């Protein structure tokens, strides 16, 4: 996979959050514009003066240590945060992860290249197909077959990937909304996620543990009625998102909880290795799909949403907008998708059709060789990266030329986001820990591997 | 282009570069552990590589030096990427292998270095808080080393005080 | 028999209290535990609990799952009652009682119907003042300081939650208890002040007199004369009930709540107390702002609307008033559930800001304006 | 392609695929007096939920619940469920104990012990066991099978069991779920993979 360096200057168009109708009508672009924050800009978040005065007036309190997690209603996945609180204010925090560690890398070293797909399903388990795609691209980069993947397979990978991104963001935003008390929003979003998963189940055979992508293509072609069903689904998801926005975006209770909470400057974010929606919330427009286009992402029109203050609200709004953009990509992809095979035509990589396996001795031998020995990946090392649900999902693969990886490291975006969680929550209230943690969107399977 | 960055690095630190390659388009430089801090600081400040994308290690059992710590960098200005590797050996029966920590250059290295310590047993000199991160403190051994048997079982033993 | 009752008001009060609580409040509270789930399900595009059913031979009574509250109650009763090892057992046991008792007692001041005129039940009452000699007031206790009694008792309820938080020997529940006490103390002030305007207009603190003062024309009801106070009071009172969006003491995803260590029926009592509080809140709002048991254009002798008259016997009038009063309460309960499942939760500092910086000044302005208007209307006397 | 302003050129056949336009958009932070006053937006939100409430109470308009034991959501054709072993026309198991499925299985949940059929040509499984508790339902065994002996298209979940041992399905159990396979030698494969 050769990532071309970014040839284009991003068009810096800026506007308020468009309504679904505006997106559909395409009028959203004509709204007001303002420049993207320059590098070196820091969020204008200053504490209200009277709050500082209040703090001086407050009685001294004794610090208390409380355990948030590993089993706590708000901890999705299992994570432990040891908080030192003074009253309601968090004074120190120690974030401890690893409760879901299940040796992805050790297991991967013992599996064939194809057998790793089920493991990647379980990395970020709310967007498994993105992991499937990311891993397949890494192996293909090492095999040197990136350019030979059939176009249809590339489009299918984009489609399932973007569907997974939507489910990822729906889960993240829904769960966070539930945690700030808007449970109705949670159910609406989970409802929309369920529609997506139903379609994914029809396509891949499973809702969550899809194992759908293969090295050299995908396991199966789209179902015959996939495109109309996806169009209908996009319409319904848009409607749901509009309803969610009407409940949250302008609601002052919600805005007060999210605005100005857990601000991070672009410099800090880059220094702490942030990627994905969280980095974009600080105003840095880095999206792997835009800056290092892979698959056929350079053929679609889409916008990369960025925030302006790097607070929880920006993270919320960026994800919200990203779902809209994913739906735009989906619409273009099902429009553009060409007919053709979905597996690379290379007997060293893809399994022969069953007909040949059943009927010809060559097919049978080829089949046996591929299953027993695995795909032979030439020796070497490669780092391949895609835009996962939470940020740059990288796979660093070392092969020694056998049918099994010598090392298969995954760069987990949420693990790297989690290490700066303490920076975000110290100084805030206990009540702020929850939306902040939710907006980081730590997925246990990906973080702990 | 990333190749230019690599050339510049080689030109600036000719004595510290062990090898370079551009396999699959990934520009890679293997540097001496003694110069790691210096090179990394230069890359961050002069090379513009402000995002530490990934930090991991590979265990080449039976090779000398045995371990390789791998850094993936990205420049947010140019979008170029660079892979820096540093090879460290292991002294039989000696202290665990050690390289300089880059936490002071990129805070993002914090947990990734902890993870490498946790899973590979490579220490990072100057790390502020080198604890295990994915496994529990009582765990014996470093499971991603090639000589750690995959089937080995280690039940979680209890510690008296669970607070750090 | 009736004479005996009329003479012995204490017995009357006891019977009325028992009827009010056992026949109205408790069933309604139990039903609202079902309604909360069912309604939230309907709002969230789910079905909610609908499977509890009663089987009598071949007859299956499902009734949209209403029987769930029975199952719920049974579950609560039969669950193991766990007391944490280092909890203060006495206070731990006392807290739920302290949480529910004040609310139930305060129901005594709520008038749920106009006075029942014994002896003229089946006649059309043209002139109640002269015709009725012996009446049974449909209100448990008619005390002059009415709403002061309510404020006094309502502030007791905070002890239940705070004690529960402290006695369970758990840091999270302690945080919940502290949140509860700060929240309830802050909002009590606003709650009291927001009703002050209504007191000025009605010229009384006694609920029954307030209902009479509002009369059967909706244009003179509190919601029309005191719209600002209505919203302030509703907000503050919902905050008092500790339900979303003001459920900080509970705040499940944050601090889990002051009753985190409670189980079985002790938890059930907290749970029930919350619903009793919502009903009580509905009753107060009805009394002060929605004309209590008054039915639009229903006078003691029947309906009078734009020259059109329908005469009704006294008993029918009272019954209609009773039913309408219940309906008003049920609608208000429904509204509270709707609010509870729509809005996100506040954060403690936001809550304090809303209470002290927005609602309190607004209620003070309301008092001043109302006082001015009342003074001007009465000609400065 | 609903975004008319973005799509200046349609992809033309035969030519190089067009490049998409990637923009950067700053998400808005709507802020208005209306919103600062709490009430208007709260009432609007209540209106939205109220609409859902009444639409669902009256006509179940938005309700998506499937009441499981009575109603069942249909399983799609490709759904990967419980395994089954196919048999030939004469009722004998199709499996020839080639060991590809245990090799392909990432969870190592398949155990096969082979035996001779006696005709000197083929083998068959003496023991064929699948531990459904270990199975990760990835479908790689079906893909690996060279004689269409194992399939996962039963449209059934692995059932809940009381003892762990009950989750290990043997040859007999799997054959009971199976049917005659159409993948006769020389014929067309029966899986949906074939249809591309």
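Chains: A, B, C and D, in written order; residue numbering restarts at 1 for each.
FYI, a residue touches a chain if its C-beta (ideal position, glycine included) is under 8 Å from a C-beta of that chain, and two chains touch if they have at least 3 such contacts.
Since this is a predicted model, take the numbers as computed values, not measurements.
Engineer: Centre of all protein Cα atoms: which chain's centre is nearest to it?
Structural biologist: Taking the mean of C-alpha atoms per chain, the most central one is A.
Engineer: Looking at A-B and A-C, which one has the bigger number of contacting C-beta pairs?
Structural biologist: A-B
Engineer: So how far apart, in whole Å, are subunit B and subunit D when each is placed at the average of its C-alpha atoms?
Structural biologist: Once rounded, the distance between the two centres reads 39 Å.
Engineer: Please compute the C-alpha centroid of subunit A, do the same for subunit B, then give the distance between them in whole Å.
Structural biologist: Subunit A and subunit B have C-alpha centres separated by 25 Å.
Engineer: Quick check: how many Å separate the C-alpha centres of subunit A and subunit C?
Structural biologist: That gives a centre separation of 47 Å.
Engineer: Determine the centre-to-centre distance between subunit B and subunit C, using the mean Cα coordinates as centres, and give it in whole Å.
Structural biologist: Between these chains, centre-to-centre, one finds 64 Å.
Engineer: Would you please write down the residue numbers of subunit D that are in contact with two or more other chains?
Structural biologist: Within subunit D, the residues that touch at least two other chains are 38, 42, 45, 48-49, 64.
Engineer: Can you list the subunit C residues in contact with two or more other chains?
Structural biologist: Residues 43-46, 341-343 of subunit C touch two or more partner chains.
Engineer: By residue number and range, which residues of subunit A touch two or more other chains?
Structural biologist: Correct list: 184, 191, 247, 251, 253.
Engineer: Judged by the touch rule stated earlier, which pairs of chains are there in contact?
Structural biologist: Pairs satisfying the touch definition: A-B, A-C, A-D, C-D.
Engineer: Along subunit A, where are the residues that touch subunit B in the complex?
Structural biologist: 1-3, 5-6, 65, 82, 94, 96-98, 101, 103, 105-107, 110, 141-142, 144, 270-275, 284, 286, 291-292, 380-383, 385, 392, 394, 396, 398, 406-407, 409, 411, 415-416, 418-420, 448-449
Engineer: Looking at the complex, which residues from subunit A come into contact with subunit D?
Structural biologist: 8, 10-17, 23-26, 29-30, 34, 36, 111, 114-119, 121, 184, 191, 194, 198, 201-206, 209, 211, 219-221, 223, 243, 246-247, 249-253, 255, 259, 283, 285, 289-290, 296-309, 313-314, 317-318, 320-321, 328, 331-332, 335-336, 341-342, 351, 353-355, 357-359, 364, 367-368, 371-372
Engineer: Quick check on the complex: what are the subunit C residues that touch subunit D?
Structural biologist: Residues of subunit C touching subunit D: 39, 42-47, 231, 338-339, 341-343, 354.
Engineer: Can you check the complex and tell me which residues of subunit B touch subunit A?
Structural biologist: Counting only subunit B, the residues touching subunit A are 1-2, 23-26, 28, 50-54, 56, 58-59, 70, 72, 76, 78-81, 83, 106-112, 115, 119, 132-136, 143-144, 148, 150, 163-164.
Engineer: Along subunit C, where are the residues that touch subunit A in the complex?
Structural biologist: 40, 43-46, 171-172, 175, 179, 244-245, 247-248, 251-256, 341-350
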